[in-house]
Amino acid sequence: MPETLAGYEPAAAAVLPAAVRDFVAGGSGAELTLHRNRAALDAITVTPRILGAVDQPKTTTKLLRTPCALPLAVAPMAYQKLLHPEGELLLAAAAAAAGVPYVISTLSSTPLEKIAAAAPSWFQLYWLRDRNLVGALIDRATEAGCHALMVTVDVPIMGQRLRDVRNGFALPPEVIAANLVDKYTEAHKTPGTGSAIAAHTALAFDPAFSWRDLEWIRRRTDLPLVLKGILDPRDALTALDAGADGLVVSNHGGRQFDGAPAAIDALSSVIDAVGNEMTVLLDSGIRSGADIVKALARGAHGVLVGRPLLWALALGVPADALTTLGRELRDAMLLAGCADLTAVADLITGRD
Amino acid sequence: MPETLAGYEPAAAAVLPAAVRDFVAGGSGAELTLHRNRAALDAITVTPRILGAVDQPKTTTKLLRTPCALPLAVAPMAYQKLLHPEGELLLAAAAAAAGVPYVISTLSSTPLEKIAAAAPSWFQLYWLRDRNLVGALIDRATEAGCHALMVTVDVPIMGQRLRDVRNGFALPPEVIAANLVDKYTEAHKTPGTGSAIAAHTALAFDPAFSWRDLEWIRRRTDLPLVLKGILDPRDALTALDAGADGLVVSNHGGRQFDGAPAAIDALSSVIDAVGNEMTVLLDSGIRSGADIVKALARGAHGVLVGRPLLWALALGVPADALTTLGRELRDAMLLAGCADLTAVADLITGRD
Amino acid sequence: MPETLAGYEPAAAAVLPAAVRDFVAGGSGAELTLHRNRAALDAITVTPRILGAVDQPKTTTKLLRTPCALPLAVAPMAYQKLLHPEGELLLAAAAAAAGVPYVISTLSSTPLEKIAAAAPSWFQLYWLRDRNLVGALIDRATEAGCHALMVTVDVPIMGQRLRDVRNGFALPPEVIAANLVDKYTEAHKTPGTGSAIAAHTALAFDPAFSWRDLEWIRRRTDLPLVLKGILDPRDALTALDAGADGLVVSNHGGRQFDGAPAAIDALSSVIDAVGNEMTVLLDSGIRSGADIVKALARGAHGVLVGRPLLWALALGVPADALTTLGRELRDAMLLAGCADLTAVADLITGRD
Amino acid sequence: MPETLAGYEPAAAAVLPAAVRDFVAGGSGAELTLHRNRAALDAITVTPRILGAVDQPKTTTKLLRTPCALPLAVAPMAYQKLLHPEGELLLAAAAAAAGVPYVISTLSSTPLEKIAAAAPSWFQLYWLRDRNLVGALIDRATEAGCHALMVTVDVPIMGQRLRDVRNGFALPPEVIAANLVDKYTEAHKTPGTGSAIAAHTALAFDPAFSWRDLEWIRRRTDLPLVLKGILDPRDALTALDAGADGLVVSNHGGRQFDGAPAAIDALSSVIDAVGNEMTVLLDSGIRSGADIVKALARGAHGVLVGRPLLWALALGVPADALTTLGRELRDAMLLAGCADLTAVADLITGRD
């Protein structure tokens, strides 16, 4: 078993088909933003404190009214049956066991109701061409007891993932978009001419998603509303005005606009704009407890963790990965002299 | 077929003679500026916007009164028959098909009139020792219907291109400077003692080109006048005073003064000086739609694209390359939430 | 014999078992801070002076009232019998010969009294779960004639040293924590399930170490008191208020919080806060006389030298290493035009 | 024949004994400063100008009252017979042919009178333990018609050149310090125990060189006096007060204090302090005409060129190297739009 959260990637890479590994690991374009995410997190320094009388650091918090044992949620990630036959259910169970929210993707390969029944969940919404389908998804998520609605705003189209294009990546027949209907369920085009995933996105998603549409969503649900994929502070302010409760500062793990800044570098200006009035989460590149400390010391209230949990899922042990991450976070807090997350937020940060 | 504009270089490298590849790819001196162009563009970040209701991003603009389907022109590049028997005509046809201006080089291997007949063109002028030849070229370009005159100001002599010197690079007999006359048409010296191209430049070009000469040009033509190869804002202001309509912020793709800043790094101070009063284009290192977004977000009104189109020409498919670039630009605009080029100009940029 | 202090590492690596080498060389986590320590010292520039009429640079100083022939002390390092059968005694004798204090580790593999008898020493204290043991150690150190008490404040738990975890590193039977008692003396768990050193630390150390505990220590001893492992200037000020006489700005050689800044980069803000009122030492990455000059030019009053002396100990020649370091320092001072350490402190520094 | 000045190094490396190559190429310590010199020059950008009506750029200047065809002098370098049997005489003749001053080293392997007879020269003075010898050298240099006295102030002792130490480098019998007398002429100790060059320096040079000694020199000669090896602006001001006419901002090519800033990075603060009142030269890393442009654009009045001319001497063609450098400078000036050195000084510079 890997000793670190970061260790799951090489371990999983050894057992996964190359095209699946590429689909998960890859970014868009020249992967500049993908690499920038890690380079920026590696370059950030956090100055530890001493003599904090910390014995058992307190990692609990509330994110969007959901109590969390750790300041994180499992990032919404499509098609988890690609990694493991039990797919979403296994990862959601791990999240539940770890006491953190699981974010169900619009494109989950298991029906959202089954997942929501297995774990405290938030629901991630993509803006689809079929407006009725969007409405129905919101209703189903509410019905199923999801605690928040996370609207992804950085996928008007899919970023060009060259690995998938070159691999002619398509889903195997048994993996479908289980929450959708009819033609929208399948991304199974025979390989050979580009990414079937990209084709499916182009078919199903409405690029013309607008602030007016968001207001429509806001009116349609009482769930806490969080926008995923914000980097510009001007958009953060508009989101606040539009009634959003939270934001995820994210570049989608380097999978959308290649050229975007590292999420961690975009964080400060968003925090300055809305940090006191909204829940601000961060994702894109979080790979360790120390990374969470960096994000929180820079002002985030919590993080989403993506790929590392898919790697752990591929190995059938997502719960171990979350346990490891929890331990890494507690160790980092101890070593940084932080009794709780407020103390983490007070740490001085720098950059190489 | 390469999936990206950048992909044409390796594809063409596989089919071209090494000396031709070097002639196109190379820079001057230690190639510091050549590499800096790419490093700078890679290091620039652009922060995408969201929920812009963008469905079909509008990429059209006017550059120097010429309507353009994309905010770019094909950079003037000499001797295109080196790459393909049809040379300039094939690339110009691709430009016409893509709806962008083709800039005819003084050193085109096809007579300018034939090219201008095939595509909406601008004419690029070098300052030759033979003043009558210069005057005649301006007249011919005007006559032929060129829509702008682009005067290249960064080639008093040719930068020392060591690859060409070491390769003893010379043109094959069938490739000539078709717009020139007599001894000026040939750069065919037998290889072995340096670059025949450099020798030809030394023979034909007048290094003592001055602002007074430029005024002479300005008086001689009513065409929009753009100076290509400006990096210092003081020169930009003088150019404005001299009646120029536009500038190309350029280091000639790293082929002239080795030690010059990356063009993209020199852009801001030029924009600050004259950006409201002149058309400011940028070239040197543009390799993707995202690069165009970077240049425009930093203040350029458009770009020139150079080498990638020669690589595509070598493969006989320049139209495909421009199609790919157009798609990349639209994708980048969609992903950055930009409905049009004004929105692009408003994006926040940073630098690693 | 290596010509430089830095040369002892490769020389020792050639003769040591890999797991011991890893134990000494390694850092915690991804070893970001370990590498940052060196990168930062390499990047710092010091501007030499001229015509200082320096013949024999004076390297003497007083650190915490202890006269020192060089502005340094031997860093406290556990279990030195791992490197050489004579362990602490051989290195302490070298320190005595060089005229610099030797800092006895709480975890020395030789009883502190034997070491203190062999060399002018300071005693390094870890905060143990067994408060009586702590009190006894302070008394024994005082009794044995130690000249200062250095309380290490950056080890609430041991940082995760992955090399040791992967090596299943444990001490050989003959190496024990000679100052401790009963179960606390042994870190000999059979290898295979993680680091026995880490397990021992978890067993023996009290993570809940607090400023109140420090006050208790302050009251219990009249020895000069120095806190080792401070990076945040706010903690430096609290330490001053708590009656500490000195600080070691240190990230424990990159072995504790991975993500901490380079010690040399954290130095200035600590100096600004308390530099006039406390003795401020620096460790983490010092490998040469020039490094000492850098630290002093940035404001430190002296340094601790760690690993290089263990490498020399492994070769049986720690005295040679200190002689070499002394020569390197004098050479660096001569070349920088500094007659004494005050002149060094006045040098201008920069950073690449 | 190499096409560039920089090309002489690899060409010479192929024909020289490894130990001689190392002696010339090497720096002190970890060679941080050696590499920094080049990294800094490579990172500096210079923004070219346009339309300067430059045909034949004027490279002439006066340095310390000596008319120079190029803004440079040949750096003083010891023992040139190591590279070529004719040694100093061949390189001095090349300097004379190129119209630039040759700086005779105190440690020349040819008597200074013979060199001064062959070329317009300056004399470089080391401060020797034997004061009479120093006085005699000044008298001889004056007598021989040297036009300036360059006092090297950065060699109280020799920096530790590890390559020489490891090679046990010693001079071959036929190479001697021809200007010195008795035991001071020889650096021929049998190899095997360190650098014989370093031993010779330690024997002959007086580290206790002081400002008072410099005043003694100032009084003893009417020649223009230039201090070589200044980096700190405070020393520059003292030098001005002491009656020096010029300075060489230099870290001795990375051969003395390892940790010093790149000379080009130290230049600006020296220029700010004394640039209007003294002749400020720069050396350490100049390898091309573009490097000279960088130095002058940053404020230097001229440069010294060192190692590249030794490499050319080894190949027997120092005149070619200076011709190449002159051409590179003229080309760089043409490409940067500079008619003369005043225009170069006015160029905008930056740094990556």
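For reference, chains read A, B, C and D in written order, and residue numbers begin at 1 within each chain.
Note that a contact is a pair of C-beta atoms (placed from the backbone, for glycine too) under 8 Å apart; a residue touches a chain by one contact, two chains touch by 3 or more.
Per UniProt, the chains are A, B, C, D = 4-hydroxymandelate oxidase.
The shown structure was predicted, so the numbers you read here are calculated from the model rather than taken from an experiment.
Engineer: Taking contact as defined at the start, I'd like the list of chains shared as neighbours by chain C and chain D.
Structural biologist: none
Engineer: What is the shortest path, in steps, from chain B to chain C when you may only step between chains that touch?
Structural biologist: The distance in steps between these two chains is 2.
Engineer: Name the chain whose C-alpha centroid is farthest from the C-alpha centroid of chain D.
Structural biologist: Computed centres place A farthest from chain D.
Engineer: Same or different: at the chain A/chain C interface, is the fraction of residue numbers used by both copies above or below half?
Structural biologist: Both copies touch with mostly different residues.
Engineer: Nearest 5 degrees is plenty: how much rotation brings the CA atoms of chain B onto those of chain D?
Structural biologist: 90
Engineer: Just how far, in Å, is the C-alpha centre of chain B from the one of chain A?
Structural biologist: About 42 Å, centre to centre.
Engineer: Nearest whole angstrom, what separates the Cα centre of chain A from the Cα centre of chain D?
Structural biologist: Going by mean C-alpha positions, chain A sits 59 Å from chain D.
Engineer: Which chain B residues sit where two or more other chains touch them?
Structural biologist: Residues of chain B touching two or more partner chains: there are none.
Engineer: How are the chains arranged in terms of who touches whom: line, ring, star, complete or other?
Structural biologist: Shape of the chain contacts: a ring, since each chain touches exactly two and the loop closes.
Engineer: Which of the chains touch, listed as pairs?
Structural biologist: Pairs of chains that touch one another: A-B, A-C, B-D, C-D.
Engineer: Could you list, by residue number, the parts of chain A that touch chain C in their complex?
Structural biologist: Going by the criterion above, the answer is residues 3-4, 6, 42, 44-55, 288, 290, 293-294, 328, 331-332, 334-337, 348, 350, 352.
Engineer: Could you pull out which chain D residues touch chain C in their complex?
Structural biologist: 29-30, 32, 36, 39, 153-154, 156-157, 159-160, 162, 165-166, 207-214, 227, 229-232, 234-235, 238, 251, 256-262, 265-266
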